[in-house]
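Inspection log for the structure reproduced underneath, given as structure tokens.
Labels for the chains are A, B, C, D and E, by order of writing; each one numbers its residues from 1.
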């Protein structure tokens, strides 16, 4: 059992999956509106939130990510009609399962951010980073080999 | 602490030659610019690409080449895919040599030698052919039969034409599977061609190529009166360690990496049919 | 192994001011596959692109990473650049170091570090990219224009002119839009209806144009060149083909208490009505909320009087589905609701009106037949005060942060017209700034002040209140630095304009981007101002941003040009980033097909050679022309046989890995 | 011979752990496996068969071998082995498992010596424990193993209130010396009594009569080609349960793992039962589960003995008998192809 | 159970003799009284070793993927729980239903030899079931155990009924158990996150990655598993005691979510006694509670919960319940 403590000055590493049509554009809008959020959020562009395989989420945690957030179009607004509905079920089940394994629930998040919601994007990221920072380093799911020799 | 047999050293690719559409020959030296290690004809080496994996390849160059090692590699998997995309100057990891070599000194000396290869099967034979050529006086007549699917699949054709065909007391026969424009040589499969040529059954034969070719060529040789104890071939199985410990390349109680890859046909007869 | 070139754009100072671009280019120099890296001031410029082209050739690059603005901005540009240099366009990846980095981070060190990671992530992806080639899809040679205002009308006319069929979908009973409500246009003061209605008629008469009035877009499927749109034709209870527009029904209708929307609800209209005299189609419509027959089953007078037998109370909403190659959105605007602006007393005082209401009052066909009478008592107002910027340039959260752009000019127009027609009227205008850029605009404004003696007061109005039947306008005069109180008979508010609210639904259906103010987002603010980021969708008029009539018409014509450019093509290249199943791994379990929104997956029985034996297997097969590349199937597939080109699992995982290295 | 009260064993463990690592059967989450001892851990010497054998003391399931660092076109090999040569005591090893060490030694210590294995092996002192309650799946006696007097550097017996202790060699004596203060000298009567009692039980075990005589090199091809392999293997799932609980299985895989700062090359246990064990880019020498199943048992009963002077690569621990999900095992193979002594 | 066995044997003989089926899948006697193995019988002669007893816990349905590809028809004995897996495999087009003759057989709960031994019994030579009492003979003496305490975990909470049958051999009515199969999951849910983590960490770190759970699982029927496929990005063999085994079990549980019939084979075969079924049951419970009750394998048709959706579905944050 590893002790989870928040180190002084801990800066979490966040992987954000954003769908190309809404959330990525939302992030762009946050950018063009100069709405800041922490630099430790890094975005991976996917065509649709439904492209996000739970394996990617787990992979991120394995590789040492401290939080994973998936952003997609609002339900009903999916560019591919139904993609985000599947995402919602998949992630609901995955997150609940991770919680069952004792993984802190605030490390995972699903948010709907439209192309118009630059402000929401920024706010969500600020909030998510704050929550993950409070949790400290992801030790439960990270593979210690990854950071070996650092 | 002693470095383990499983730990490779670094090799540098100093030359890449494209032989056919899917075969490239890589020239490798150590970081000191010298040959990574000494070997005997027929032996293999493990080449590895960090992060991708390791694979065993027969050393194509002759031990008599003191400067570098060569590997003719067909593109057909993860490691070979990456090797094929490499450029000169790239470093790789290399360990070896592994396995039993062709008995060039013990058995072949003074004998007439028949080399039969199909496709990429020429790779291990090149090492022994060039070794024999180097010590030409020690050996009798050399007959080389080499076949491939098409003329564009013949590996090392330049060397064959410019050197082997000009070698003293040496006959080289080439064949391709199907007729092709610009090809004036023989057309037909290797086994049939071997019978057609009418080789002398007192020769010592070395076969290397795809399993079907070996099977039928061997049959042909036996019909011509060859003895199994004077026919050699090489086996290829999945290998990981190269030193007979990881447990996967065995055929019966023999490990291909350690007891092979060179086997005599009569030895193979004793082994269960699982290769 | 790839040979990757990395190109870091400064974007002038947009990126370079926050990100040390040289350090980024330097940091990735020895990364896997990277053989070249460079920076340039504007990578998207001709010179920048040339730099990329040269590098591709000189270094035999097999892939490139451009660290620049959002891929939504210039991915296409750089793909073309690559293609021009002989590199497959899908060997290009963009690291978004502007919107996702330099613009949101202030600390140079932090931003530079992040930029390096983002570029490395793109490099990791490119290392796994494979050349993709686009398939082709046919183009349906018909365009859809959503909105029948001047923007929609102009776009439709221009498209039809080029020989393509166009449908106009208009939610109201007639086309014409806001322009039809306007009395005179600035700066020429010609009659709005006089210049608009001929165009409306042109539309009606053009064989290529089909006007679907009183209709709404319900569903949009497909993609550029191949949209399939479901349109709701709302029941108007009048047979469009039979109605002659004689208006007898309007006269006989006993239920005359409806508010006339066309006249800004300033007067009443019957339950069956034609919105205005020159309506196109000139066909009546029944307001079901108001119609006695429809509500109670009794009456039926209009049916009795209609000689054409056009009245049909049983009419139901109908749905039609049509295919289109391109879609123009021209949904227009409305003035904002003023309920939140208590200080102006709009809700309490009938004589506090909006400019658009004044427009109707001034119009000969308006509620007062063009005579300037105030709504409360029908008296002629002697003192009129205009208040500008009501809800515009408002950062209080109450109104809109943007400038509505047209108010300065129309207020000058109103003031001028009133002073000309009723010289005894005193006109005051409270303004913050007067903005009159545009041909002959400032001259027009100056005429109002200099020639017509309109009293322009620079200052804000604090309060409008009713005192003894007079509207007291309390404001400040910033120039004289004094408080003023103007006793007025009529107060006209230049209310901000906002996009027609239905645009949200339209945007959703089209998956077109929309901004915080509900304006549709253009693909590029400068360079692609009439295209939506969603391919095949174009934007005309105020739905994209505030603008006046000439600008709207220009934009509509520009849209038409874009649409024509699209429709003349017989085939479009399809997105090659589609799903495909690895045959040897596919279980044939059918799970993927059950989540595919496009029905792109079918199953085939196929003989496969496995381990030297031939096996008959059931295997998923994706139709690349139908697949849109969402990737839903890839996640459903437990064996990972289903993968998405361009966004393969390996690529995404390598991006994840790279980010996690930080 | 020495003895120590069972109630004092914790003190013994602590004393051992002071100077060396102690690897001992420990109950964790309901199962008993060899693990590093620490204060508060629940030692279970009474457990007849730990799930995994103690072989991971020197042949761990995964082991990092080296690291590559790459930059541009260059590659560097980094030795990441620690110089930790701390001695280790493996305590409570049953006779079968002790014998299995020899089987593994012959593979890993043969030329070229596997130095990873060697360095660990050399650092280990084996304290074995005699069996007194063998169960139905035990058949070590078929391989000539005496479970009542296991080999090892030290042999111990649990009987009554005591653990009896006998050093067998210098290494064992060295350890005994270190622990002298805790051990008391005693006679061998109790041990002998227990041994003869256990031997009686051994004779009555259901697998006591297994006949291995047919499994020898000269029958290699005959056994290989026996048609009954098909039936024997038909229920096999191709999992590695038998392999991973087996004390003599030594097959391994070599794999690369990408870390943030390079590539770790590690080796890990592998199973010849896995379908990808012999998979090559252009073929597989064992495509059916029957072939893989046959390989495993031919290796244990014929190939390995042929390579190692008749030593079987099975020690009759019976773990695979207990753990096979579908109740397939080496005993069924021996009975079917070899038979039972009358 | 003996009568059931003889009926089964009788039917197997008839089916084979008549040529109606080419083979019968059942169980063959083992070396002891408690280790029958799944077997294929192709002739009456081979049936001499046929057995059906309290240790025939194995789910035979997964073997039918291969059997249904063979020449001729295959008869199979399926217990109630096995029929769900069978249906699910038919639904996923993995079994050719036409070629299988399903003989539904009664179960009455199977015994777990591991649990018997855990009672301190060693060298078991005979087991006799008499209602609730189980008499166990060993070389060290005899013992009587309560059946409830020694049944397989999957049988302890089972109330399954045959979902498929071409014919049935049911001689006794099985009493309906008044049990909540989610009780263990609920107990875990009641713990704090740290306690849960500790529980799973301890359990999963025992994993030796032998793949028995995967290979026995009827839902894990992939031709090429992601964990064996170097291209998948998650392929691994190692057990590093740090992450790998967690990743393996999470992904495996996720991959079978909505398809797992709760047949319990994973827990039965785990050599390290990891309660793997509690992973799958969590998904089943969550699906039941969030999207409506769903039992995989009840039907050979229709969508599974994760390939379906409703517009009103809960957001992930609302699925997580408060207060744990």
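Criterion: a contact is a pair of C-beta atoms (placed from the backbone, for glycine too) under 8 Å apart; a residue touches a chain by one contact, two chains touch by 3 or more.
In this text the structure is predicted, and so the values were computed from the model without any measurement.
In the touch network of chains, how many steps separate subunit A from subunit B on the shortest route?
The fewest touching-chain steps linking subunit A to subunit B number 2.
What chains touch subunit A and also subunit D?
Shared contacts of subunit A and subunit D: C, E.
Chain with the smallest distance from its CA centroid to the overall CA centroid?
Centroid comparison flags A as closest.
With centres defined as the mean of C-alpha atoms, identify the chain lying farthest from subunit C.
The chain farthest from subunit C, judged by C-alpha centres, is D.
If you tally contacting C-beta pairs, which comes out ahead, A-E or B-C? Let me know.
When the contacts at B-C and A-E are counted, A-E has more.
Round to the nearest whole Å and give the separation of the Cα centres of subunit C and subunit E.
57
Once you find the CA centre of subunit A and the CA centre of subunit C, what distance in Å lies between them?
Measuring from centre to centre gives 30 Å for this pair.
Just how far, in Å, is the C-alpha centre of subunit D from the one of subunit C?
72
Roughly how many whole angstrom separate the Cα centroids of subunit B and subunit E?
Roughly 50 Å, centre to centre.
Which parts of subunit C, given as residue numbers and ranges, touch two or more other chains?
Residues 595, 636, 649, 653, 657, 660-661 of subunit C touch two or more partner chains.
Mind pulling the residue numbers of subunit E that touch at least two other chains?
In subunit E, the residues touching two or more other chains are 226, 232-233, 240, 306-308.
In subunit A, which residues are in touch with two or more of the other chains?
54-55, 59, 64, 76, 82, 86, 90, 145-146
Which residues of subunit C touch subunit D in their complex?
Its residues touching subunit D are 30, 32, 611-613, 657, 660-661.
Given the complex with subunit E, which residues does subunit D contribute to the contact?
Per the touch definition, subunit D meets subunit E at residues 28-31, 33, 48, 51-52, 61-62, 133-137, 201, 204-207, 231, 234-235, 237-241, 243-245, 253, 255, 257, 266, 268-271, 274-276, 321-323, 325-329, 331-332, 335.
So in the complex, the part of subunit D that touches subunit A is made up of which residues?
64, 67, 80, 257, 259-262, 264
Which residues of subunit A touch subunit E in the complex?
Subunit A residues touching subunit E: 1, 54-55, 58-59, 62, 75-76, 82, 85-86, 88-105, 108-110, 140-145.
Would you mind writing out the residues of subunit C in touch with subunit A in their complex?
Listed in rising order, the residues are 70-73, 96, 98-101, 103-107, 110-111, 113-114, 117-118, 121, 221, 508, 511, 513-516, 518, 521, 533-534, 577, 595, 597, 628-632, 634-636, 644, 647, 649, 652-653, 655-657, 659-662.
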